[in-house]
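To keep things clear, I will list the structure first and then write my remarks on it.
Order of writing sets the chain letters: A, B, C, D, E and F. Residues in each chain are counted from 1.
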């Protein structure tokens, strides 16, 4: 019987602390902490408007080799490793798949995503495709993909190979249990060890940026209002007072 | 006077029989019938939500050669072969174009697509672009494209070359008269000789999958409900009864 | 203090004259005037339904070199050249950026675009990305992009290098002050010297095409109605009369 | 029994007249005759130092489709169309193959090339690969390729489809019987109708260029010696005299 | 202290049995045994004329992450995993590296390859680059590469991550201990379980092909001499006798 | 009359000091000085075995625009900017060209390179092609190219645009007067301000590496001999003595 490892999940407090941060702030702050580029290039939001944070279950596909992955393998669904990855789902989890950029393999279809959703899964990130998109888009799981395809997962070049191991999702190494921050800007991987620093950033409220935005939208001078110069600072204080803050 | 061949259309029964199958089932079943990958990689649905089935009119573009395709060629519209392809349109037809992946050539514009629609055409599949998209999207023809462009069809690198001949649409050979199945997952080519087998598949109603989906969406165990194990089979029979089926 | 040149703007009459032309007509007519391909391949409309015309402010990014662009550069916002480009904004302007096709650099974010909008800017064209898309899409500026990213503009491979100089936006040379025509078909660059010719084209009203379209949509013969043959011409005259034109 | 058409070969005089022209002069002069780019991008010389001219036999590969090209097809070698292409070989012929840029298909191996050489074939141009390179390089046939591979021609994605039909070899349309000029700079297609003009060019002897080259190699001024200005013209006449020409 | 697993080497008899087979025969026969494509696309022979067979040591690179691979890591050479891979070298071994196609990382340099050669290593296969090529080419190790670079292995995007684990070298999964067959045609992976079948193929001597080649090179008919038809069979028997075989 | 700026050349001492360094050491040491990647990806050595150092003359090509670069431009050779770049040649100079990766434009031919050589030019680096390679390879100028082509420089997509301005040669910004180090590993750009640091590195003679190499080539332990451990240090001292050093 196949046994695959579970992940070590970060504390709920850590996840909650990152809830509002957004991928853009996460990417910028991680850079300032010395990690150059943890944005996964390639997958884009297919479910616009979602913004999620959660730990990564990882699933690794490898180039298919007929001597290792026979047609009969399918006789026993339990030997299909992409199912095993989903078995580990806990509420709030996000699945990240290395599908090797293949545009002819649909990693998951409607039934797999329905199960994942039923277990509380939040979203999937694939450097590749899903299939069954006409139905999958209704399931409610967040989708960051490079595309869709009618082909099933092992139809052409790939086979599922390992669960909850370190994977490369295009340009980024993803460790099982890393925190994923995903929204319409894309997907950023947050190493657990750096997450507490990011939580601090996430909690900062830039009230003055709100003021800046109003001024800029009215034709205000960028040199004056972003960042606020001395004169604008004074205006801002008056504005705050006027707002009763 | 230019004469181009028409196609031999499969029977209406065959087309109707494939109506509900969807590209995902078509791709998977064709694989099981021994044809590895008949999904045309590249073109994606620009008219979301459509699902069409019909025979392929084919149109082949070739790299433009100024010694063979002069500027004066345009003086006589009848010499433009992309028009001739459309002349063959019968209700239910789908045009498949080898545009060689060129992103600087708009194969059809509003007038051509309006004519095609007027004749009963269902959709076009192009490994390339159309132009005039702001108007074309209103025409009502299904569009599977790699993109759009303001350029006209012979502006940069291409010229229309042949009608209703075998073409390569990216990774797939398309024979004139092959059946096209296209939806939001993409485009699959169904060889006429294999279509009867697919019709059988299309007619199977997987009522138990409906039950599975409900259970999975409620957090049911994938190992129990997909496929149904013995215990789940019993539950399913009860569910059917309860539904009055 | 950094000084960057402004552009010489074409007359308002010229811009207004091109207002209704659309990128497809612009591309085709420029070709007939001897300029092969002034469509910028790559950037696509991320704000569907907009159609804009205006002079180009240009912004050039170069590969980042740490010996020339230090981390401390950011200490003084005034040294950031992408801001300087926006300082030149006048109502109706369009910013065109050579971002070298880089998918890991977000050229502008919400604050920059808000300022640009506040100054009357119409749109931005980038052979690359913006960041902060969840907020940027609300700003109201037209966006022609290759994608979005959470990364900031100098996070990975690029640095802003020059303002209002000739740039290559993928396959097209853009001179500061060139006229940009952008809509859902894409982006076309109109050299100022050729603009008067295009204005003439833009003012031609093809009333007969309206008639053609009606006929074609009703299943009319392409050979008869596009272009109109003698018989169709007669029908068209009757139609006009019937319309009271 | 399979019958494939032969080509119409240009006169020997025409071929001989182009013998010394070289692909660089051919490309430049064809441009001046109004044909923009007849250089086949992609294939490079794998047999350095050869310079050949001859008519094109063409061979078209298409994406493999298992329903059309069974494994049993090989039972009868006569059904293999790449053999049929070679059957047409006459002394001086050049084979041009559309192999669709596929890097996993070896179009010809040692035996096929040995036969081609035995029949007087000069060279092959493939937008793809040969196999058996360790032996093929000894055969003596000129090779313009994108690479080599151990795979045989129909192992992965391709099948031979047609002989002596118009093909696209990457960016260039090649008509059966077109004249091929190939050397270390690459491959240029010469339309037969334009060949007589090129023959004239090929026969011009630029004696003054020889003089220019000597001067430039000695540090002479480019502005003076290429092209020759008035002063240099005088020097050149003296040089000629001194050479006894 | 870092410990990495060694590989299980196939018997010397198995390796010896494959000695003369060549990558072309290996690829073709593996296909006939049901494995579609075990040729590693990408790496090409940089040391022409070598033909090697041996078991694969594998080395996996991953995208560099600064939080996991610090600059200080280098303080202790023992922490560099690419060294550990070489520590396992036994005479006849071949190193296969997943370098993710990166053209800015030189996986090995002169010292590493000299050590590998000193230990009896035969060759390296990298879907990427080495550095120090001016010296490396003299070391005597077979090189199958995508290119060379002056950059060191972790300078840009990569870090060594694991030794003797399953890796994907472009389109092929390579298991530690798989047999590598490499020559000027490229690199083929032979699964150990299928090797005995291949050994049989390698031992077949196609004497008649020698005869065919002579005949074809003299202008003989392909239809008669390859394969030999009845008439040619008789000629072949006479030729054998004449040769005293 | 066209005037283009000359470059400011670094001192001969600086150039001489870098003579033996090689691109691999230059790349590695520049990284340690904080500049991540100054290796120009793409161009490879077409003249194997050369190793050159010299200041960069730069030449920028831009996408061709027929309204700015007419056919008549050629009437006056003095308007061709690629000539002007060469006019600045002084002994030891290296020309670096941004040819935008275009594989259908031959930037220089035999005459231009002969002139460049006559003036003392050392080499050219092009992210693109030259033409006339059969003759150019004899000229004696070092060539780092992405390929060769029969097409002339403005035949397809490019036109020369500026001389001795900052250019992007693929992934690297090159300033006029930067020092170029090129050999068989590739091309590295050395900023003049960092050159003195590199000169120090270049002058270090790693005599112990010579000893290491001997030991490793004899099967010595990498852990002992590279770098030298205490025991190996002692052996090394004895070896030195034995060598009479």
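Just so we're on the same page, a residue touches a chain if its C-beta (ideal position, glycine included) is under 8 Å from a C-beta of that chain, and two chains touch if they have at least 3 such contacts.
This structure is a prediction, so every number in the text was calculated from the model and none was measured.
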Most remote chain, CA-based centroid, reference being chain C: E
Comparison of B-D and A-C by number of C-beta pairs in contact, larger one: A-C
Same-interface partner of B-C, chosen from the options A-E, B-D or D-F, over half of the pairs matching: D-F
Centre-of-Cα separation between chain B and chain A, whole angstrom: 32
Chain centre separation in whole Å, for chain F relative to chain B (CA means): 50
Inter-centroid spacing, chain F versus chain A (mean Cα positions, whole Å): 42
Where chain E touches two or more other chains, by residue: 36
In contact (per the touch rule at the top): chain pairs: A-B, A-C, A-E, B-C, B-D, C-F, D-E, D-F, E-F
Chain F residues within the chain E interface of the complex: 22-24, 26-28, 31, 36-37, 39, 41, 44, 49, 51, 171, 183-186, 188, 209, 212-213, 216-220, 222-223, 225-227
Contact set on chain D toward chain B in their complex: 33-36, 38, 62-68, 100, 157, 161, 166, 168, 170-173, 175, 191, 193-194
List of chain C residues in touch with chain A within their complex: 77-78, 83, 86-87, 103-104, 106, 109-112, 114-115, 117-120, 131-134, 147-152, 155-156
